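Take a look at the structures below.
Below, subunit A partners subunit B and then partners subunit C, in two separate complexes.
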Partner chain A sequence: MIYSLLVVSSPVSGLSSRSAAEFARCAIARGHRIHRVFFLDAGTTAGSNFSVFPQDEADPVRAWEQLHDQHGVELVLCVASALKYGMLDQTEAARYERAAASISPAFTVSGLGQLVDACATSDRLMTFGG
Partner chain B sequence: MSVLLHTLSAAPSSAAFKDCLKVLQPGDAAVLMGDGVYAAVPDTEACGALLATGAQLYVLDTHAQLTGVTCTAQGIGLVDMDGLVALSERYCRQMAWY
Partner chain C sequence: MAEKKRLLIVIRHSPYGSSLAKAAVDVALATAAFDQRVELLFTGEGVLQLMPDQDSQRLGVKNIGRQLASLPLYDIDRVYVDAEAAERYRVNLDAAAVAVERLSPHDMHRLMVAHDHLLGL
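And then the complex of A and B:
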């Protein structure tokens, strides 16, 4: 099956964002394809390139990057949410005259249309919040 | 018939939890996650209300362990993340309560 995920919670608050990444890994292991992960609201902070986690904690950003690098999972931050949370790619950083991009290169910034497209393209949409 | 897969991450005291109880029905499955795992504690009001819905009930094992919910009510099964994926294969629609 083709899956897409919607993540609406911050990776540093609660368990949902980490659970979403684990769900994606398990789904791939069961032979499914993760078409896209769309991050909304505080969920967009999962793409931060500036977050630093203690050595004895799993790095949630790295978990998503591995899914992108190893399995080609598309990671999309909602542009409206991303801007509010300071999650800027090179284009947005230049547009708003900020010093640097703040998101990992594994992530892209795009509009809600990407979520609509993911719903239309996928057999399943799983939402992770809270 | 498989109807809806509910993922319930809201605490039993929350409005989302109470709203979920109103729509859960036999044929649905609900997986308790996050703060929702507290509803798996036996002999609590929330647990009783969940069991009364007739839905298939599960609690995500890693979240239960992390929150210290080591004893879960009879009628609420333990499921791991692989099991949650398997449930999502069976139920074509999900509702996330948080």
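And then the complex of A and C:
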């Protein structure tokens, strides 16, 4: 089955973002396909390359990076939300004259059309957080 | 893009209490702009988004009521409301920002079952 995930809460608030990453990992292990993970609103902070987590806590950004690196899962941050939360890729950092990109290279920044496409393409759309 | 699927956005947040309120409207407009089928259901605190005569100017944020009023321009004409929640929050639906259809809990269940995707915001 083809799944897409929508993540709307920050990984530092509650467990929904972490649950989404765990869901994706388990779905892939069961032979399903994750078409795309779309991060909206506070969910976009999952892409932060600047967040630092205590050593005795699981790093939620790393969980997403592993899904991308090991399984090619597409991780897309909503551009309108990402800008507000300071989640900039190199293009946006240059456009808005910020010192550096702030997101992990595992993530891309794009528009809501990517969520619309994910709805149209996937058998199931799972929302996490909110 | 693949075959059209029926998307129902279930809106649960008050208009100025969470940025997800505006996010839900943005997703609805984007879905319609890409010529996909989308319908909205306001429930819980989300019914407050339908309050008539919203004025957000001094809050420094966009007026959700005005954005909802633009839904028909995007051919989003299926907008539903949880009638019990609207009653509980005393929202005057006759003067709401956008024309809505009142649903009972039973009707809401049927509406959700009839859609391919539910998106809760």
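We adopt the following convention: the second predicted complex is superposed on the first by the 129 of 130 C-alpha atoms of A that agree within 3 Å, B and C clash if a C-alpha of one lies under 4 Å from a C-alpha of the other, contacts with A are read in each partner's own complex, and residues count from 1 in each chain.
Rule of thumb we're sticking to: contacts are C-beta pairs under 8 Å (C-beta built on N, C-alpha and C of every residue); 3 or more make two chains touch, one makes a residue touch a chain.
Predicted model only: the values in this text are computed from it and were never measured.
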Item to check | First, second, both or neither for A:Gln66, with subunit B first and subunit C second | outcome: neither
Checklist entry - A:Cys119 contacts which: subunit B (first), subunit C (second), both, neither? => result second
Next on the checklist: Between subunit B and subunit C, whom does A:Arg30 touch in the aligned arrangement: first, second, both, or neither?
Outcome noted: first
Checklist entry - Looking at the overlay, what does A:Ser81 touch: subunit B (first), subunit C (second), both, or neither? => result second
Checklist entry - Touching A:Met1 in the superposition: subunit B (first), subunit C (second), both, neither? => result first
Item to check | Touched partner set for A:Gly14, first subunit B, second subunit C, both or neither | outcome: first
Next on the checklist: Per the contact definition in the header, classify A:Thr108: touching subunit B only (first), subunit C only (second), both, or neither.
Outcome noted: neither
Next on the checklist: With both complexes superposed on chain A, which partner does A:Thr127 reach: first (subunit B), second (subunit C), both or neither?
Outcome noted: both
Next on the checklist: If I apply the document's touch criterion, which positions on subunit A are contacted by subunit B in one structure and by subunit C in the other?
Outcome noted: 8, 124-125, 127, 130
Checklist outcome for this item: Touching subunit A in the complex, subunit C uses residues 1-5, 7, 12-13, 19-20, 23, 26-27, 30-31, 34, 36, 117-121
Next on the checklist: Per the contact definition, I'd like the list of subunit A residues that touch subunit C in the complex.
Outcome noted: 6, 8, 40-42, 80-81, 111-113, 115-117, 119-122, 124-125, 127, 130
Checklist entry - Can you name the residues of subunit B that touch subunit A in the complex? => result 7, 9-10, 33-36, 60, 63, 66, 81-82, 84-86, 88-89, 92, 94, 96-98
Next on the checklist: Help me check something: in the complex, which residues belonging to subunit A touch subunit B?
Outcome noted: 1, 3, 8-9, 14-16, 19, 22-23, 26-27, 29-30, 32, 123-130
